[in-house]
Amino acid sequence: MIRTDLAVEAREMHGEGISGVVSRTEKRGGAEVTTVEITSPDGAERLGKPMGVYVTVEIEDAESPDGRKAAAESLASELRLMMEGKDASRVLVVGLGNDHITPDSVGVAAAERVFVTRHLRELMPEEFGSAREVSSIAPGVLGLTGIETGETVRGVAEKIKPTLIIAVDALASRSMSRIGSTLQLTDTGISPGSGVGNSRRELSEKTMGVPVIAVGVPMVADAATVADDAISMLIGKMKEEAENSSDEVLKMLNGMEENDRYALIYEALEPKSANMFVTPKDVDAIADRVSEILRNGLNSALHGNKYEIFY
Amino acid sequence: MIRTDLAVEAREMHGEGISGVVSRTEKRGGAEVTTVEITSPDGAERLGKPMGVYVTVEIEDAESPDGRKAAAESLASELRLMMEGKDASRVLVVGLGNDHITPDSVGVAAAERVFVTRHLRELMPEEFGSAREVSSIAPGVLGLTGIETGETVRGVAEKIKPTLIIAVDALASRSMSRIGSTLQLTDTGISPGSGVGNSRRELSEKTMGVPVIAVGVPMVADAATVADDAISMLIGKMKEEAENSSDEVLKMLNGMEENDRYALIYEALEPKSANMFVTPKDVDAIADRVSEILRNGLNSALHGNKYEIFY
Amino acid sequence: MIRTDLAVEAREMHGEGISGVVSRTEKRGGAEVTTVEITSPDGAERLGKPMGVYVTVEIEDAESPDGRKAAAESLASELRLMMEGKDASRVLVVGLGNDHITPDSVGVAAAERVFVTRHLRELMPEEFGSAREVSSIAPGVLGLTGIETGETVRGVAEKIKPTLIIAVDALASRSMSRIGSTLQLTDTGISPGSGVGNSRRELSEKTMGVPVIAVGVPMVADAATVADDAISMLIGKMKEEAENSSDEVLKMLNGMEENDRYALIYEALEPKSANMFVTPKDVDAIADRVSEILRNGLNSALHGNKYEIFY
Amino acid sequence: MIRTDLAVEAREMHGEGISGVVSRTEKRGGAEVTTVEITSPDGAERLGKPMGVYVTVEIEDAESPDGRKAAAESLASELRLMMEGKDASRVLVVGLGNDHITPDSVGVAAAERVFVTRHLRELMPEEFGSAREVSSIAPGVLGLTGIETGETVRGVAEKIKPTLIIAVDALASRSMSRIGSTLQLTDTGISPGSGVGNSRRELSEKTMGVPVIAVGVPMVADAATVADDAISMLIGKMKEEAENSSDEVLKMLNGMEENDRYALIYEALEPKSANMFVTPKDVDAIADRVSEILRNGLNSALHGNKYEIFY
């Protein structure tokens, strides 16, 4: 019911002390890193996300080249941690999303510029024979292809036999302030669109047969969320004015579970809200910066300093 | 205060019978055409738009080629009406907006594909000597150029001396349902961004010295508007449940002037709402269709069937 | 050795009367249509192309909307002929090439805008339950993905089980004048890049298990070909001046088999010529027109007038 | 007559010791820098370029991030040298070319990402009040706008009064090997297209009233040049075989002035060669790298480390 792709936001909305959800925040390599672990089916249901580990890295400063470099290095370092213990000898990077829509283009833009070596290992064995085997694909979106992302990726994976899949995608956050400023990594894979439980859609170890790490950055917020925030703020303002504790509507609005209120708004906006998104006006600049962080982080995690990365 | 670029929406929000505002709807050439005339300074202030004529054409069916052709012909026909009595021998088409942001790209995409003849008249005088002189420019956006649109256009206009300027732009509407489905033409020109009263920004007869016709299509909605719509619907739902006419907050929310409530929401969302927009998830497909209608409508109005239009 | 993707050019270079190659030109539906049939292994070797049928349609006028419509209808009509007798109930359209390189982008641009129905048949069975099942994919290029096109397409095809594959691609012609002005259809499939005999690369009935129709338009010419043309013209000019029939070099140049001379030039330009292409300066406008013809032709052949095609 | 935009190539074609042309090569800041000075009208006519200073910087390694950074720093350093003694308090960066054609897009891509401050000086005076005033514009190409580049730039310049113009453009080189690997800076400005002597086209101190520095990188080669190279190589090969010094055609071809032979080829290819270009197959990757070098070099020269450059 909660419209956020970020585990850290889902957890915040439920407050502390949910059983089956463990969270900690620490400084790692200069960045603030929050790890949310969903350890029980109950926690998974409460947060609306599969059991697993969700790591959130704050991007301190995406506007300067040095800030982006630091963010890319944090991404690389967290990615390497998440790859530990997994066979990462053959990696398929999947760029999700629609590259004709500015905020949705970052996954494709990053995946297209990952330095791929799979073909080079054969073509130039002396130079690349010992390189990690990396390939990439941008499967496109259902509306333009008629094919579920999971079907395309599984079909390709059965041919090229990766040992690990890394899916890169634009996410939706609850908060506008997280757009372009947070990286999420998870070992649970990804379910493009709203396709929970749709196995043709899901990219996960269960559907792919190999581990799937998902990397994403919020680029849009949900319209109903923005409306809900507006209402919260509006109520706050009105309460100050109308100090009437017996007021019924106010009590109703306040007394509601946050999720219930969101559900009501979501229903009110339906069917429009399902078909719209909210994004910042400078989304073109944000998308450029985010793609750069993603591709450099991926290249660093996958190849280190072993090769001069082509671009 | 009202965040819509459409005069027809501004008028709807004020109800019938505003002095200095005349409106009529009729069928013209198969399309529903609404004309709003703002005839007095008072009407201009009430609607937040300069005095002048605003013509709105409904796009009945943007999804089929025939529907787009019909819409382009309606645009051409209304544009020709608006050009009547004006010297349209030398036309400069100005494509406004940022072509790196999908919904904001339609003005540039249309202007770039208007068939320009200004240079051909000299290079190929036998073929184009008697063509209407058409040129086009895409001045870019302030954040990327550091130059106000009005300064660029005026500088170019002083060199090439057009007798008429047609500015093409993506608009913001109040209603999500108008996105990609309404054409607005006006003889008052345009004020890119929120720059009312900023003469370096404004494209109008006053600032340019020649008539300026603005053509636009709503491609985004204002985030505060969407929130306000959600609240209206929420109140509606709650009223049904809480049949308590003594309820104070409900009375407050209902009793407010719509504009006051909007202002409160806008303030609540500030500063974020100024920096975000709401757009449909299939904005890429909508933008393609809208650009096609705009460019074909412009080409038909400017050149008729005189030349095979190149694309 | 001959660097052209067009069977009609390969045949022209060998003159009339090659055994195993049959060719005829006729008017069909207003367009000039040339059919080259390669009927024997010997003919295949001579022309450097697999046995099969190659249909070439001249685009009379790509610059006017009516001309493009006529070309799209010719394409649709030839495509329907080629689909006859094949099971075309489930069609996968494959857009080949690199959409970041203007002349190489037409296959992807066309495939992305084919009206796909595969997912709609399930989601909206009343409307689309009886539609032909169409899907599309753009597998990308080896240098950016590390995966051979044939591997990607085969992997996807094994998941979605098309009964027919239509591959769309930009071609290289020998003659500059064919760029953007010729459509080639063939039932032999396609071999992206220079990968003859590379089964991971080839898209053909042999490698895919279902018929593969390839549709292409020349968008570039080979640099060595342009040089060779220059030399032919140069010799012509010099002969006029130096009427010396005993001249040895002239005799050598003239006496050479055209292919031998081309081979010499190709070798002279190596390794550069393998890595460069020649394209017209207005390739952006040509690519737009060609994509429009391709997508409209495909949509018409696949869906007829059954659905309003979205764009 | 010589089809190269690089002074260093024009000089090479004429050999050493042309009067009015001085050239020196040295290492500066790790890069090989060649300075060609054309000091007399005679030299200008011989090289087909206006009198002035042409600085060529070799890009040693565009493939690695460090190599691109070094190239950007060399560009910045040479640009600062060329700006010395000029009033660079208000700089207008002009991005030339057509951004829909991959090799022609680098000027626009670089100019769009120069950090512009002109509007910020007023909007945020505390932060940017002391910044160098930088603005940018992409005037588009004549075929799409109907307006000569020089007219647009002059019109804008008369409004915003820059003290210095920096024009950035893709160039044509004679040699394929210089594509993407050479930076040229000149204080003579630029003449887009073949418009020598066309004052509406030219961007120079004479036409603009303020100094114009042009920065460019070869992205295409001329088709006739490639043909001519092929012929040279072909003759070389044939000479080895046909050791016949009395051969007339060979003597003719050899005896010709290089320019005369080029002219003959150019004429032979006309009108096609005027309308085509040769470019590498990986031009998309090259264009990305070149844009990055250009924008970082410009930003460093214009702003130093004073501001965190946004992207």
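Of note:
Letters A, B, C and D name the chains as they come in the text, with residue numbers starting at 1 for each one.
To be clear about the criterion, a contact is a pair of C-beta atoms (placed from the backbone, for glycine too) under 8 Å apart; a residue touches a chain by one contact, two chains touch by 3 or more.
These numbers were taken from a predicted model, which means no experiment stands behind them.
Think of each touching pair as a link: the shortest run of links from chain A to chain C has 1 of them. Touching chain B and chain C at once are the following chains: A, D. Averaged C-alpha coordinates put the centre of chain A at 35 Å from the centre of chain B. One inter-chain figure worth recording: chain A and chain D are separated by 42 Å, centre to centre, where each centre is the mean of the chain's CA atoms. Per-chain Cα centroids separate chain B from chain D by 40 Å.
Contact of a single residue of chain D with at least two other chains is seen at positions 143, 285. Residue ranges on chain B touching chain D, taken from their complex, read 112, 116-120, 133-140, 142-148, 151-152, 154-160.
Looking at the complex, you find that chain C touches chain D at residues 98, 100-102, 143, 176-177, 221, 223-224, 226-231, 233-234, 236-238, 242, 244, 247-250, 252-253, 264-265, 268-269, 272, 275-284.
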